[in-house]
Amino acid sequence: MATQANSIPHPTLIQVDPFIPADQQKGIHNRWHPDIPPFATVKPGEVFKIECVDWTGAQIGNNDNSDDIKNVDLTKVHNLSGPIAVEGAEPGDCLVVDILDVAPFEKMPWGYTGIFELNNGGGLFAREFDSKAAKAIWDFHGIYASSRHIPGVRFAGVSHPGLIGTAPSAELLATWNKREGDLIAQHPNAVPAVAFAPNAVGAYVGQDLDDKVRQKIAEEGARTIPGREHGGNCDIKNLSRGSRCYFPVFIKGANLSVGDLHFSQGDVSLSFCGAIEMAGVITFSTSIIKGGVEKFALKQPIFLPSPIDPLYSSKVIFEGISVDYHGDGKQYNMDATMAYKQAALNAIAYLMKIGYTREQAYLLLSAAPIESHVGALVDSPNACVTLAIPTGIFSHDILPKPEGFTKQDFGQCAIRSDGIV
Amino acid sequence: MATQANSIPHPTLIQVDPFIPADQQKGIHNRWHPDIPPFATVKPGEVFKIECVDWTGAQIGNNDNSDDIKNVDLTKVHNLSGPIAVEGAEPGDCLVVDILDVAPFEKMPWGYTGIFELNNGGGLFAREFDSKAAKAIWDFHGIYASSRHIPGVRFAGVSHPGLIGTAPSAELLATWNKREGDLIAQHPNAVPAVAFAPNAVGAYVGQDLDDKVRQKIAEEGARTIPGREHGGNCDIKNLSRGSRCYFPVFIKGANLSVGDLHFSQGDVSLSFCGAIEMAGVITFSTSIIKGGVEKFALKQPIFLPSPIDPLYSSKVIFEGISVDYHGDGKQYNMDATMAYKQAALNAIAYLMKIGYTREQAYLLLSAAPIESHVGALVDSPNACVTLAIPTGIFSHDILPKPEGFTKQDFGQCAIRSDGIV
Amino acid sequence: MATQANSIPHPTLIQVDPFIPADQQKGIHNRWHPDIPPFATVKPGEVFKIECVDWTGAQIGNNDNSDDIKNVDLTKVHNLSGPIAVEGAEPGDCLVVDILDVAPFEKMPWGYTGIFELNNGGGLFAREFDSKAAKAIWDFHGIYASSRHIPGVRFAGVSHPGLIGTAPSAELLATWNKREGDLIAQHPNAVPAVAFAPNAVGAYVGQDLDDKVRQKIAEEGARTIPGREHGGNCDIKNLSRGSRCYFPVFIKGANLSVGDLHFSQGDVSLSFCGAIEMAGVITFSTSIIKGGVEKFALKQPIFLPSPIDPLYSSKVIFEGISVDYHGDGKQYNMDATMAYKQAALNAIAYLMKIGYTREQAYLLLSAAPIESHVGALVDSPNACVTLAIPTGIFSHDILPKPEGFTKQDFGQCAIRSDGIV
Amino acid sequence: MATQANSIPHPTLIQVDPFIPADQQKGIHNRWHPDIPPFATVKPGEVFKIECVDWTGAQIGNNDNSDDIKNVDLTKVHNLSGPIAVEGAEPGDCLVVDILDVAPFEKMPWGYTGIFELNNGGGLFAREFDSKAAKAIWDFHGIYASSRHIPGVRFAGVSHPGLIGTAPSAELLATWNKREGDLIAQHPNAVPAVAFAPNAVGAYVGQDLDDKVRQKIAEEGARTIPGREHGGNCDIKNLSRGSRCYFPVFIKGANLSVGDLHFSQGDVSLSFCGAIEMAGVITFSTSIIKGGVEKFALKQPIFLPSPIDPLYSSKVIFEGISVDYHGDGKQYNMDATMAYKQAALNAIAYLMKIGYTREQAYLLLSAAPIESHVGALVDSPNACVTLAIPTGIFSHDILPKPEGFTKQDFGQCAIRSDGIV
């Protein structure tokens, strides 16, 4: 007979409350540093769960204006749960991490996508659009998300951790701080900033630590914004539940941390906070491949995709090349970032023909399972990038038809309470 | 009864011989210019075929050294078949082009992928590798390609035209020449060149034309290397047989031209001539959407993908970020091109662990149905790009296993007769 | 800020305990009858959850022998949660049901697949194999299942309700009992039985009812074994989380019931209890299409598949035709059931070459995401059916290679404590 | 340089004319018999082409009535090209056949789907519909087919040989004739016939043979209608170009024959001649696995699917169970054939709501890439089968919407010149 005795749930190694500020909770940190001690330790093969607050640590609410986005405190991001040490992992090994599931908290079946202010977060089109804060709240209905702020759309989530990585060694950390510092030095006044130096303000380690250690972590710890050798904030949508990831190990125990869970995201999280951000639970198991860094020439993580990533075969695909079509027409030199931006602006213009506002379209391209492929990178001077919108996520037909579109009224997303867009 | 009388084959509007130099044949041109008259005219709805020489115009042979790549005359590329005028198409319309099939000539069931010399063609890693000419010959077996120069691999082609577009108007052409000229002026001595200015040397229009017109075309005609507003050399692998493409129309008749057929290509044609280049036949039908440019905000082509693009669900995926890991470790600022390059170099390093040479791996990533997605573009300072290798194209297992790889001997691809690699 | 106040979880309308016998719990019934009152009522558009015990009501344990399968009490199956009435639904309408999620209880992360005794349950090969009870316990690791009783296999679940349907009207129920009674009358002594007549023994309605009503339900209520006009036990694996189903409505309120949740199943649940049976939670929302039965000619449910059904593109496919190859060689007349059986027996023979026992192979084909397509039904006298095994669910290579297989030792599944197989 | 000298086309081993009756051509036969000598011999590894007439041998024309279907001479079918002997193949080996391509003749870019008369061919619903001859002509546009007789539909072909197999040994042939003869003896007057005994009328071997041998073949040779141990007329749509098939070998050389090419077909060729029948060219290569029958327990062919089978992810799926819903309501006993028929009739009824005639719907389900899965086979008394129609093959929306369908007028398919349907 089925009994409680013969049914053993997977343990939750870090428990958090999504409604309490992150810096009041244990097991959360927001800098990368080798001296952060493991919060828990696992054996290879164990299945375990980790709870995560959303990346801002409960700063954003389920409501209909974007003032919380406007005023978000970015020194406190990203909140990571961890570290988790894996017994037997040593520098030079490969830590195999099975991302077995990623799900929102049952008690918090919603998430958000935000457009950040030019001066507080930015985003891909922060300058082009002189971005003002805006957001969409997404309701989770099982595998699907939909938003009262972007009507006519529903899609299955490619749920994944935006941010996951092993801890850097002291040497690696020094390398990061050096190379990023050099870049900042070259662009000292850039808005948005080109990179983020270590900053003790807002730094947090959710453990009882000696003050000197804590201070060292706060002052040296790498910010969590970019992806790096260890993984980090790669925002790869297909690192999703069901995928298997191979991380290089830099310190004893590997010290895996994770956060910034996304219910869904397109191939690029355009609007900075472009994914559907959520708090929730991630389920893992791990194993170790001794000497894996050498075996697989592992300078960065590699991964195997999930068999259950959403499949939408019908798509409208936009091209972009490295000429600033939507701006001054300037020719760039084989610049894939510019090409991506043009493809995205072409898609936004198309969605506006259907009736979405620019802000809705910007949020939608960030949040939905958009695919963006690199096309050409050798046909000088133009890089070419494509961006594909699945037609099946809309309740109306978005295919280009001879008669064109009858513009519909989809309202507007959540904007600032002062009404400025 | 089935009879010849009730069976009407689709007409071939341009016929070429893949074994004769392109500049000795009718219906071929190699510059973009509004004054190139249509070689043939079709009505909307007609199904028709166009034959194409390979992009070099028969310069490359089915043999086992790469001297022909080393010495290729690039002033003569790309050879385009056309233009084809479509009755009723006018500036501002959208020309809908169904790419119904793309196939090699029966009499020429092979193609090639080339690594070009740093000083004659270049390629994504021309400088990093100080590239010397190398190539792989691919044999076509129905839907599959395999190569004696890269053993252990067989894959289904994503056959497509590397180069397809409508003719520019005089204004658009002037815009191109201006903006690309400006870029060249900024990097006058770049190797490889950052862009290619109009060049009468090698210019060719396979029609009987007045000398003055011909001269004008040769002197002003845009080079075919990059993709632009009209389509052009976008090298988008999924613009494949079965796809439907929507082009802006710039002159009366639209004047569609096509060439540079690829039996297959990855998401980036890394090695410049990175696709499997072939001569062959493309089948089209067209229709017109009046005012389509306005209806769909069409600054560049958009397209719908084919239902028969090859599906390989199992993949090994490599990450790359905008730090020059395989070089000097320099930090770049949100540079997707650099991120792509790192992902590709990570993949090459992995394939070399299995036993392929660097040249074989470089050619393979270019030619096989590799997927490359843009990941992060807002996580300063690191762009993140992924590159996925399907495991099902190998006859051996390339998944990362605990025991690592036993390096196999796959020989080498075709190299220069002087043995320099 | 994210708060409990602005986070409203989806309500659970029926709560059950998977460790308590079903007939001691509220909201569970195991017969189809129009007089079973709704246990709860919803409005169209509401998202809600329903908890379900496993189909046997906790009779099977997480252990290593199959005595519980041998002795299972089948008069008590299937335990259904419900009925749920939908406001506004009337006979002739179509009830649209979104199956938003299907998941095991967190406290019970395991399920089972059973081979039933010839005389107690049977199964597709009960007679051919003279079946003795056997089983496999599956552990759930996020989206994956694996079993200590069938080593070397791991796969993503196509989680779905084996049994879901609207309540029959009195007329429809009478039709069922008449036509099935006629069949039983024709085969009175068949083993296993050809159909199951109403049987008051074991009948259960988990509500406080008037005795007369309860008695009527017990005596007339249709058994839950087969699928019928209203849905029922169709065991369609792709009616999975993410699918949308359109049911005919036969009585006011529609009265939807659901149970027999499966973590996974192949296209046929061969071994009777062939899916991975589990207790768990299903998430729904509903809407009503007035007059939908007439609009869509709805004699039975239709559905739209989920975008996240597992995708394994590489497969080994077995053919079967309606000749009893594994038995006496008899020729059947266009019999797709026989053709399916031959394909399955061919697959079992193949898996035994690799090293699995007949029982392991039988269980695996039932539980894993096997695809079975009907091929030919008009090529007299042979129906043709195919059965496809995905290669990606195995940790070893099952492709047919020139060297054949080196038979591995995978042990045996759980068998009877008396050791009889 | 590319030259004719370094370009070697794949040889065509059997050449036929699709406009000449099959029994006037060499290399064609229409019975299975071990004494038919190989028409050509290949070495393992060679790539070669085989041309095939359509299955009737040019009896059907590209026109707008179905009189040719009505009067078709079925003693002459199926016309097979071959046999091809493979050097080194011996009984007990496994012949690996790569189906590298399947394409129509360029000079004959059309095919047909036919509904056959009850008394001359039949079909799945021949009795239910009292079938009269009808047909649809399909035009091939590259990878797509569309029909003037079924407007509003276009789809990519899953092109495949309906009929492919190795030659039987004398013993195997005797087994076939015995078991099928027994079945015929049990149903001597069935209309349509339950099976087809050897029949010298219409038998043909397109080689110069001794009269005695020819007579023996004609009198004993197995008819080509059903699939059997050697492959044969399995009508498996996914045995498509790009697939790899493993056949048992029964006689020295294996003697592979092929014919009945289909441009496309659903999972069941419902209307007997339900695929899109075409004449065309198939490209093969072969290899041999010694002792493969024993190695893989090979009672029938197994195969690996193609990576380019058309992918249409959005579908409407119909259920069918083994109750005769569209007839007298009779309950059948676990009969998958009946369940399939109900699912198909449900789909036909649905398509008729949209505006197609019953004949058009019947033809469409046969010809388009319909998927039919076996669902339940153990839930007594009802087998359950599903049938999925891809929505992407229609130019209009066929999803079930709240407003139902506005019935469109799609005309009618080609019918008999006497107007009888």
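Descriptive notes on the structure:
By written order: A, B, C and D. Residues from 1 in each chain.
By our rule, a contact is a pair of C-beta atoms (placed from the backbone, for glycine too) under 8 Å apart; a residue touches a chain by one contact, two chains touch by 3 or more.
The shown structure was predicted, so the numbers you read here are calculated from the model rather than taken from an experiment.
Interface comparison, C-D versus A-C: the higher number of contacting C-beta pairs is recorded for C-D.
Of all chains, the one whose CA centroid is most distant from that of chain B is C.
If each chain is reduced to the centroid of its CA atoms, chain B and chain C end up 50 Å from each other.
Separation between the centroids of chain C and chain D, computed from CA atoms only, is 33 Å. Taking the mean of the C-alpha atoms as each chain's centre, chain A and chain C sit 38 Å apart.
Residue positions of chain D with contacts to 2 or more other chains are 307, 311-314, 392.
Chain A contributes residues 311-314, 392, 397 to its touches with chain D in the complex.
By the touch criterion stated above, chain B contacts chain D in their complex at residues 1-4, 6-10, 18-19, 47, 54, 58-63, 68, 98-101, 106-110, 141-144, 155-156, 241-242, 279, 283, 285, 306-312, 392. Here chain D touches chain C in the complex through residues 94, 122-124, 175, 179-180, 182-183, 187, 192-196, 225-229, 233-238, 246, 267-272, 274, 287, 289-292, 295-297, 299-305, 307, 313-321, 323, 325-326, 329-337, 339-340, 342, 346, 349-350, 352-353, 371-386, 388, 399-400, 402, 404-405, going by the rule given at the top.
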